[in-house]
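Can you read through this structure? Questions will come right after.
To keep things simple, chains are lettered A, B, C and D as they appear, and every chain counts its residues starting from 1.
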């Protein structure tokens, strides 16, 4: 039987340029008819080694903006983790008001990201009406982001030792207006996503990640919570204003009473987290303490503090897709970071993908893969910034580049044609 | 004598051309209406109704690339085959309240065979592209073809059988169906059965046309544009037009079988010109209503099925539904 | 689950690993208004006891949360830090663990722990290709991020001669005039 | 035929060559109800063979460079290339690396540059409009 299978099966590459995968990653699926026999993940399509970029932007403050551009959607989570790591390495205390502002921005990002995901997921199963509906609803949070930070996507709010901009009392009504808007439509969203027959048909028992596998692969974020593991950095470890709030990790059994660990469960978790985020922002607005928004407003002075700092620190935060982790080490006397390691949530969430897809159908690949909310740009882009002694590079190696192109072309000829 | 023959020849040549032309125009127009309405349902403004014409117009100017890996002659032939199949379909179906162009040459069975030609052309196109996406798309199209065939055949055969009980004419001729509108022949139970059959036809239509939720063969997110992934320029435009014509033809077929009424006899209008105009408008309205129900609303309201779900849906549920319809009509006859 | 305090955790490491535990530090930081604690523990172990240390963490909590391996070139040695955390799932009880192993550049080998924690496979592959540390017994030896045609023996994270050659990088045109000299 | 061919019937194919997603989601946003590009006849298509306009985001990694080239060749003539976002235009924060072959105009000819980090949907719409105008020109010349 297996011999027959190997004969009839052929490999269908999904990605890197494929509408199902909005991001460049390659899944090599070995299929038999419509059934998936094996999956191999080939990452690195957009790896570009930020370490060398760091050579030019060689101080910690500039690296915040690099961190921000690791991913256009998690443009709050990466800097959030990064500044935490730097503060711990340099022993900088953060004003309490800044912690609250950071939390508000991070939660706005979560609402945005989850709505965006919901739209993309609907699109993946060919439900374009819902895609348009959700993205229309999403524009409200884009407006709010622009109102608070000045830009729709890139937020540039985080600074080592605090935040760049205050959220003042006059801005509260506008924020509350957005929150009320989302509260008012939440029931509609819930009906659309949890009660619709076709959505249920396409997502129930699809792409199942068992609790066992979720623990085995140290999966993070809504993906692991949908498998029934209450892992949530906001709940587990003190950071930001979350340390003051009583956050509880959301698992799908709150709604359905059971945990299946399928795509549907991931929809439940994300949907409820939108609600949770609304409540968190509300609490933060109520409890926001008065005071400074940064420990050191003068950047030059901050830079010299950072230059003198010696030590290491980790920054963890719960990005919309899962735990975002930064590790930073600083050496005294060096302007640059001695070591910077980033782990984006998708890094961990990619590993269980084969076990989720195997035995399923091609038709389930887009939605199963999308259900972890993959952010390949996060995963690939920022591997490490390892700043050494400031070597300069100015030569170009066109030959190497050409060889690389030729070889890749040869290898990829049959992939996307 | 000679003039007559000449006229016949001209009619035989010009007729199909005109019908093809009208079919293409109305097909594209309905496609435009479809896109506009769906956009409105999705909270958007949407493209203007003439958009499909613009699309075709543009595609005609574009370069038609034939991929190196494709089987060139097959690759080029299938769009034409698809178009010819769609047009010949039109010739057998009564349009605009008039008799079909080729009345007397073929019946509903021929139409059912012709219906598969555009789909087959698509399948061949998919295989000839030698792209993995197109190949999977072609496999899916074949599965779909086999799945919706039974409920479709069931509806047509049952109605023809019922009509055959009251007339000596060939009941499978669409003209006979028009002459003996089915609704007038049956009692209350039969009406129920007919409603069920209409329902199953309406459900088959989006599958036949490859629209959401049964657009598995072209599932954009799964198969990168599906069957036609390698087509471009004029070849793609031909597929585009044949798809529009086919939509028009299939919906017209539903109209011809179930709603062959004309307004002019009912209103007692006998003058030729007003009667024809009235019938044409009424026909277009009927087509629009059917199109609206089974394509537009459905497309805006549901997600895409998986291939096994779609195929099971047709093979099991819709077949069962059409059988139930048949039983009702049978009971109606017996009682 | 019996929750240990950070000090007790360090003690348990001491009793379990003995002299193979080179160093340990506990870091605490008060966060926000209620001054709840962020806690992390840094443990430095010898390579010989590395797998024992991982096993010991698994005893503290079954299925510890593994985050990533960070590695840095520290002159004659390569430092690997296994970032993990335990006691997740409970409100503010989680403790970050930094398990550090120093490897001399003359002998860059570390045993795999994918048999204990399968989720480390990406991080191990990454460490192999980027740092040139050989992970012995790794089930999947392929590269993860770097292209297949990337030259062998070049490791982007290294600062010494095994690192990237100067001629391998290029500044995008349009930005060359702005280069730091 | 032909004169107004490209007016209001542009099909767009989007390619991510290593962007941070910021521009990509703004491209999608341009299609959604608030901006609704489809009212101008602009549709996102799933295959480069169907496209008139290639939207490229990202600074082009080494692995993506040959693919970008091949996708460009697959788009039938006449075609336009739009670069969306600063990193595709000139590199931005990623302007020095061992794994980049970009920016986009080093690999394929580019017709319209739309800067921004990330680009706003309004800017993308304007960029597509500029591509229109440029696309109209040779078509007009060919016809007349």
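The working rule: contacts are C-beta pairs under 8 Å (C-beta built on N, C-alpha and C of every residue); 3 or more make two chains touch, one makes a residue touch a chain.
Keep in mind that what you see is a predicted model, and the values were worked out from it rather than measured.
**Student:** Quick check: more C-beta contact pairs in A-C or A-D?
**Tutor:** Between A-D and A-C, contacts are more numerous in A-C.
**Student:** Of all the other chains, whose mean CA position lies farthest from chain B?
**Tutor:** Of all the other chains, the one whose centre lies farthest from chain B is C.
**Student:** How big is the gap, in whole Å, between where the Cα atoms of chain A centre and where those of chain C centre?
**Tutor:** Chain centres of chain A and chain C, defined by C-alpha means, are spaced 21 Å apart.
**Student:** If you average the CA atoms of chain A and of chain D, how many Å lie between those two points?
**Tutor:** The mean C-alpha positions of chain A and chain D differ by 26 Å.
**Student:** Between chain B and chain D, what distance separates the C-alpha centroids? Give it in angstrom.
**Tutor:** Here chain B and chain D have centroids separated by 36 Å.
**Student:** In angstrom, rounded to a whole number, how far apart do the mean CA points of chain A and chain B lie?
**Tutor:** 46
**Student:** Which residue numbers or ranges of chain C touch two or more of the other chains?
**Tutor:** 147, 156, 164, 168-171, 179
**Student:** Which residues does chain A have that touch at least 2 chains other than itself?
**Tutor:** 19, 44, 47, 49, 52, 56, 132, 136, 393, 401, 404, 408, 417
**Student:** Note the residues in chain D that touch 2 or more other chains, in rising order.
**Tutor:** Residue numbers touching two or more other chains: 32-33, 46, 59, 62-63, 94-100.
**Student:** Flag every residue of chain A that touches chain D in the complex, lowest number first.
**Tutor:** Residues 16-17, 19, 22-24, 44-50, 52-53, 55-57, 65-66, 69-73, 75, 116, 119, 131-132, 135-136, 138-139, 142, 152-154, 375, 377, 381, 393, 401, 404-405, 408-409, 412, 416-417.
**Student:** Spell out the part of chain B that touches chain A in their complex, as residue ranges.
**Tutor:** Within the complex, chain B contacts chain A at residues 38, 41-44, 67, 69, 131-133, 136, 139, 212-213, 215-216, 219-225, 300-309.
**Student:** Enumerate the contact residues on chain A facing chain B in the complex.
**Tutor:** 10-13, 18-20, 33-34, 122-130, 132-133, 136, 196, 198-199, 201-202, 361-366, 417
**Student:** So in the complex, the part of chain D that touches chain A is made up of which residues?
**Tutor:** Within the complex, chain D contacts chain A at residues 15-26, 28-29, 32-34, 46, 58-59, 61-67, 70-71, 87, 92-101, 117-118, 120.
**Student:** Quick check: in the complex, which residue numbers of chain A touch chain C?
**Tutor:** So the residues of chain A in touch with chain C come to 43-44, 47, 49, 51-52, 56, 88, 96, 99-100, 215-219, 229-231, 233, 235-241, 243-244, 246-249, 287, 289, 312, 314, 316, 323, 325, 327, 329, 338-339, 341, 343, 347-348, 350-351, 380, 383-384, 386, 388-389, 391-397, 400-401, 403-404, 407-408, 411.
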